[in-house]
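The structures considered in this document are given below.
Okay, so chain A shows up in both of these, paired with chain B first and chain C after.
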Partner chain A sequence: MASFIQLLVSGLATGAIYALIAVGFTLLWQTSQTINFAQGEFVMLPAFFILAAMNLGAPFWLAALIGIAVSIFILGLIFKIVIVDPMLRHGVLPLVISTIALSLFLKEVAKDFYSSQAQPFPALVPSTDIHVFGAVVSTQSLAVLAVAIAAVVALHLLLNKTRLGRCMQATAQNPTLARILGIPVRRMVLYTFLINGALVAIASILISPIYLAKFTNGETLGMAAFLAAIIGGFNQVRGAILGGIILGILDNLSAAYISSQYRGAFPLLILVGVILLRPQGLLGRIEERTV
Partner chain B sequence: MNRVGIIGIAIAAVSAAALPFFLKPFGIYLISMWVVLTIAAIGLNLTLGYAGQVSLAQGAFVGIGAYSVALLTQAGWPYPAAFICAGLLCFGIGWILGYPALRVQHHYLAFVTLAFTTLVFLVLRNEEWLTHGIYGINGIVRPTLFGWSTNGARAYYFFSLGTLTVLAAGTWWMLRSPWGRAFIALRENPIRALSLGLDTRRYTLMAFAIGSMLGGLSGALYAPLVQFIEPNSFTLGLSFNLLLMVIVGGSGKFFGPFLGALIAVLLPEWMRITEGYYLIIYAALIMVMMAFCPYGVLGMLERALKAVGVRRDPPAPALQAEGTGL
Partner chain C sequence: MLRLGFIVSVIAAGLGLSGPSYAQSTVYIPAVLELSGAGAVPGTNFRDGMLLAIDEINAKGGILGRKIDTPILDTQSDAGTSRAQIQKVLDNKPYVILGPVFSGSVLVDMMLTQQAEIPEIVGGEAAAITQKGDPYVFRTSFGQQFSMPKIANYVRDGIKAKSVAVLWVNNDFGKGGRDNFVKEMNTRNIKVVADVATESGQTDFSADVVKIKAANADAIFVYTNEEESARFLKEAKKQGIKAPLIGETTLLGQKVIDLAGGAANGVRGHVGLTVDAPIPAVQEFAAKFKKRFNYVCDHNGIKGYTAVYFIKYVTEKMGKFDSKGFAETAHGLTITPKQEPQILMEATWDKNGDIDRESFLGEVVDGKQKIVQTLPKLGN
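== the complex of A and B ==
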């Protein structure tokens, strides 16, 4: 039981990070039909921004802020203007190909211009263990969980409680109608890209102390984001959160109790099951197919 | 088919036959690799370009084909039997993989096939009793057919080229038959195709099965070419690469995969001078191309030809509607 609680907490922590990445992923899909195959690399990269800032002498908290800002600028604004905007008129598939190429591009850039070696990354809090009901829980897991929950709650409040957030939701649900109602649709779409830039930077800060900053990190993280988004529901923010948490817990529990060799397979089996039985995802709405 | 196209194909055929006599062994290895990957890309072009089903599983089928041939020939089977068996196995698995495609489309299908590729990789890596896991399979022998040993680099190239010619001709014939037209109908407007009485279920499965079979046969040639296979060769990266080949060459065009595979095999070699930055340049080129010309290199050539006003034989209306071009 003690080890179960331990696995559950660390699973929740990883799951919360997956959820952050998946939320950004679904936001882009909802507002601009962008399937970002480079989302994993988007999480890998901000860690290097932060390390670069620290190499220039900035303390960690300042470097983290710089990292988030740079990430919002490059992975949000520049990504939208340079990659997504010219592609939208061509439809979904060319954009998918382009983001696949982008993921390769970012990976190679990080490798060639920073380092191919895994880089140690400072943790948010000093690592000590707390004993709860006989289980050993690390403060790191708890800190990760706290930051991730804070980010998700902030996003939820922004989307549901502010005028801006409701405009963004309207844009996602029906762009034409939103435009008629006087909502600046293009600016709303841009905001989701900026939010995604911030979310991946936060996820990067949370995950890099655990995985170390390495140029290949994006592969598993990107996969986790897709899986979480599809399992939870592609067109719902809460779906992505649920999907991420299910995935994180499942990953830890299946590795411990069933087979560590096939730990990568269980999420995939769930994915196939969800797609075949409930293609819109656990919490998703059914999207009408156009003729 | 216009005059420019026929001349182009003739030049390509002659150079494909003559090239190995001018190349060093590594050059012959590269063009052999081009031949092998072209077969897989033709298969994916059938699934993606003609039938419009996005698949990220082609790399896995190359892997299944390669492992089948390696294991069967080491168990004493003659190569031709192993080759056919690899094709049939992939046909069957491809047929089953087609079932999700009946329920979901586009990006969902991309993720189902992506999951399949990862599962195949895990099985290849973990089932050591069968696949030797990460150690891979060594010493795969090249076949001797009717007393003709294909052990030499040049001989194996011609053997692969012959196989490619037969498979490509078969695909060409199939695309001209009612079947091929049904595939295109599936891509252009599945609901209309259904209302015209096409069994879209069967054709969707067929598109997957035949495309996967070509992937498997490509793998069956791949294993004896490199003579050492390991799970890492057949990850998602290979599937992505094959997808890029089809798109870069020109998806839905018969000669697109030939060109796409050529670019994907040769470009890294030409870019050796850029020392390790070639993947960055390759990725950047693809992004630029997708932004300005998502129809691939062939689409670009076609437009250029039209712009300079090369006289074309008036194509039959049906061919024009297919958008196969060249």
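== the complex of A and C ==
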């Protein structure tokens, strides 16, 4: 039982981070049909912004705020203006290829300007352990879980309880109609990119103490979050959250109780099952398009 | 007259008579290394150690009067890319090739270099590398068939363990190490009670530690790459693992210690190469490296540095640049620090290209690797 709790809490913490990143995938897809294959690198990069700010003498809390601000600016605004806007008018595929190229570029930039070596990254809370029913749960895991849940809840409230959020949802569901209703569609799309910039920065702060800051981090993170978004439903924020949590828990339980050697295969098996039985994802909705 | 000279030059170039530009004044020794991807840390260390040696040698006039020309190609830590890069450098007729470091890459490159009869000085440690009868492959550090008996003796005599758990990374390096370690355990009647494979780049080790903890072994042998080792140590500390954690070189490396923080304290094991070795020449090298590259080099930096001096010594012994002759001369060769001070420690290459030299038993104390015993060469 103690082992199970141990695996569950740890899986939940990892899954919550996958969920944060996956939410970014779904937000961008819904509002601008952007599949961002550099999303993993977007999570890797803010850790280096923060470390650079700390090297300049900023304390961690200030460096984290600077990191979030820089991420919103570069990974939100600049990404949209320089890559998404010019490429999107040529269709989804050129944009996908552009984001793949961007992911390679960001990886190499992080390596060349910082280091190829993994860097230790400060944790949000001091690393102490709490004993729960025989399991040892670190305060770090609990903090990761708490911050990830808080970020998702805040996003949920923004999207569902504010006028701005409803405008963004309307833009996602039907941009033409939203425009007729007087919603500034371009601005709403921009907001989703800025929100994605903030989400990846938060995910980076949460995951880097565990993953360590390294230029290759985006590879695993991006893939895991992409799978999570598909499993949960690419067009639903709550689907992405569910997908992330399923993936995090499944990874731990399958490694412990089935086979650690084949742990990488289980998420893919789930993915195949979802595509066969429920192609829109567990919580996704079927999209119909006029052709 | 000038015009005639020009025409002759053009014709000569067209016929391929002029040869590569580095043919006379330089010697072409390309390096194919892991500069990006999962192997970037060992690859970069190897490269920097190598560059330090090359600059030192070139500053003193090169090898037999020819400066070393070393373009560096990136394998991206991918065996297929590595093979393509090796093919590329082979087209330019190298004297010797340096790298790669990843065993998986070495294993696919070897066929090409053997076919071309070009020696390859590699950083890979998988036992299989020198068990294929390839006379052109030479190691710069212990193969697993050399290091695992040493660590196995330590587990039996030092730790006095009757049972062990093994955690290894599921790639050529990890699988080779795991197979050799388990074989050595079996010959010493030590029971392997848990055998846990992990993924390269894995981040969450909670499931693996749960499995190992449940096995209740007398000792735990950890054989993964740097960052994974650090993450495992943190998780092991969190879950309160009490059994001794034993490793081979990587686990006790300064990078792992820095990344794992306090969780690395108490880790013990065998260290093939280390800048903390109680040898003045090694420490002098470590200081030079730190001064130039501004970080503490790991064992791969020593591999890169000594690889270049190995080439220099063998070539000067032959008195000529002859790739085939290099391989013949290097087999069975012993280089002492008296003969070549920058070889750092006496080293012998056997008929398979395996290296033998002194090694160490170490322990991590207060965030530093401490060498507690020097082990003699196996051939002694």
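Basically, the second predicted complex is superposed on the first by the 289 of 291 C-alpha atoms of A that agree within 3 Å, B and C clash if a C-alpha of one lies under 4 Å from a C-alpha of the other, contacts with A are read in each partner's own complex, and residues count from 1 in each chain.
One rule holds in what follows: a contact is a pair of C-beta atoms (placed from the backbone, for glycine too) under 8 Å apart; a residue touches a chain by one contact, two chains touch by 3 or more.
From a predicted model like this one, the values you see are computed outputs, not experimental measurements.
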Let me test your reading of the model: by the given contact rule, A:139 touches which partner, first (chain B), second (chain C), both or neither?
neither
If you stack the two complexes on chain A, which partner ends up touching A:109: first (chain B), second (chain C), both, or neither?
first
Figure out whether A:230 sits in contact with chain B (first) or chain C (second), or with both, or with neither.
first
Contact-wise, after the overlay, does A:272 reach chain B, chain C, both or neither (first, second, both, neither)?
first
Pick one for A:101: touches chain B only (first), chain C only (second), both, or neither.
first
If we overlay the two complexes on their shared chain A, which of chain B and chain C does A:117 touch? Say first, second, both or neither.
second
Between chain B (first) and chain C (second), which does A:169 come into contact with in this model arrangement: first, second, both, or neither?
neither
Is A:256 touching the first partner chain B, the second partner chain C, both, or neither of them?
second
Contacts on chain A seen with chain B and repeated with chain C across the two complexes:
108, 219, 261, 264
Chain A residues touching chain B in their complex are 35, 83, 86-87, 90, 92-98, 100-102, 104-105, 108-109, 112, 219, 223, 226-227, 230, 261-262, 264-265, 268, 271-272, 275-276, 279, 289, 291
List of chain C residues in touch with chain A within their complex:
35-38, 40-41, 43-44, 170, 196-199, 201, 203-204, 206-208, 210-211, 214, 226-227, 230-231, 238-240, 255, 258-259, 261, 295
Footprint of chain A on chain B - complex, ascending
54, 100, 103-108, 110-112, 114-115, 118-119, 122, 126, 189, 191, 236, 240, 243-244, 247, 276-277, 279-280, 282-284, 286-287, 290-292, 294
In the complex, go through chain A and note every residue touching chain C.
3, 6-7, 10-11, 14, 107-108, 111, 115-118, 120, 129, 136, 138, 210-212, 214-216, 219-220, 251-253, 255-256, 260-261, 263-264
